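Here the chain labels run A, B and C in written order, and each chain numbers its own residues starting at 1.
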């Protein structure tokens, strides 16, 4: 059993892949069978397992969720009360409620049991650059 | 390894924090490194990790999801067929599909590895008072 | 500790129950206390814990998410760029981001700790028949 923390720098809204970073750490712990739990320690970012083949998928995911949860300055969001931390703040909390903050992934023989086209992403919901902490537990 | 069940009374739709209840139970099991799995044993409530600093965030989360999934009496929801358990019933199932029903949280030295602003909430989607069961497994 | 893979055939969009298949495998592993982790190894299908009593609930869930995320041929989705794998492809990725791809369920005395009305479903988001792989880890 072991744990670590990954720090992922972000440059505005979008999906940031960190599959290889996690895979290297998991492999370094030995060829075990285990459960890997990840948690993003923030309330305005998410963790996604998504297609890693075509970058258009990430572009479209970002576009879809930006429309489903527009900035608080959008007329359709006029009912929001938590607006003083910027127009991207409350929508970021909403997206962080709707999309996963924790993931658990089986590890078999020291490798994450992901499908062929699955990659691991941090989905940043804020506009400004951030350094995001993701804790990992392997046991 | 141990498990328990928390009972959380609710008074209509909204977010109910129970971070301290869980933290006390986890601490009482000893200073271990473990994975904590929570599951809400209902199909009309969710579990959220969300900001615990400003109650406006919870108000706005409730407001957003009430608009995204309006009552089945709303004209936009006229295609729904499962309506005889009340106008809040099928929307509650939809929200319970969209928002987490299970969470797994790393525990380090007997404490949940949550970020500074993260709290643990039961999100009630029904209108009438309920007693909600959340099972916890620590291992 | 053990693991297996379930193969679930699907015939277009909708919810496919596989509670009994998983329950039988878990029971066969002995009367243990454990955490069961499931992961669907695809980026266009999801795993749901949902009501197993009334099939109208599944009909309505499918209808709701089909409207929330319409086919890419729908005028409201004209901004999508990843459209050449069919009108159901990018909406499938969006639904697979929004709805769970992994679930962890406590197992007590060899039985999944689900509520009375909770069943386990694969939610298929593509139109054509598929064979979906769900890996399970018990530990």
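Some observations on this one:
Going forward, a contact is a pair of C-beta atoms (placed from the backbone, for glycine too) under 8 Å apart; a residue touches a chain by one contact, two chains touch by 3 or more.
This is a predicted model, so every value here is computed, not measured.
One rotation lays the C-alpha atoms of subunit A on subunit C, and its angle is 120 degrees to the nearest 5. Interface of subunit A with subunit B: the two copies contact each other largely through different residue positions, with under half of all numbers used appearing on both sides.
Distance from the subunit A centre to the subunit B centre is 20 Å, each centre being the mean of its Cα atoms. Residues of subunit A in contact with at least two other chains: 35, 68, 98, 100, 104. Put simply, subunit C touches subunit A in their complex at residues 1, 3, 35, 37, 39-43, 68-69, 79-82, 90, 93-94, 96-98, 100-102, 104, 133, 135-137, 139. Taken together, the subunit B residues at the contact with subunit A in this complex read 33-35, 48-51, 54, 56-57, 59-61, 63-65, 67-68, 98-100, 103-106, 108, 113-118.
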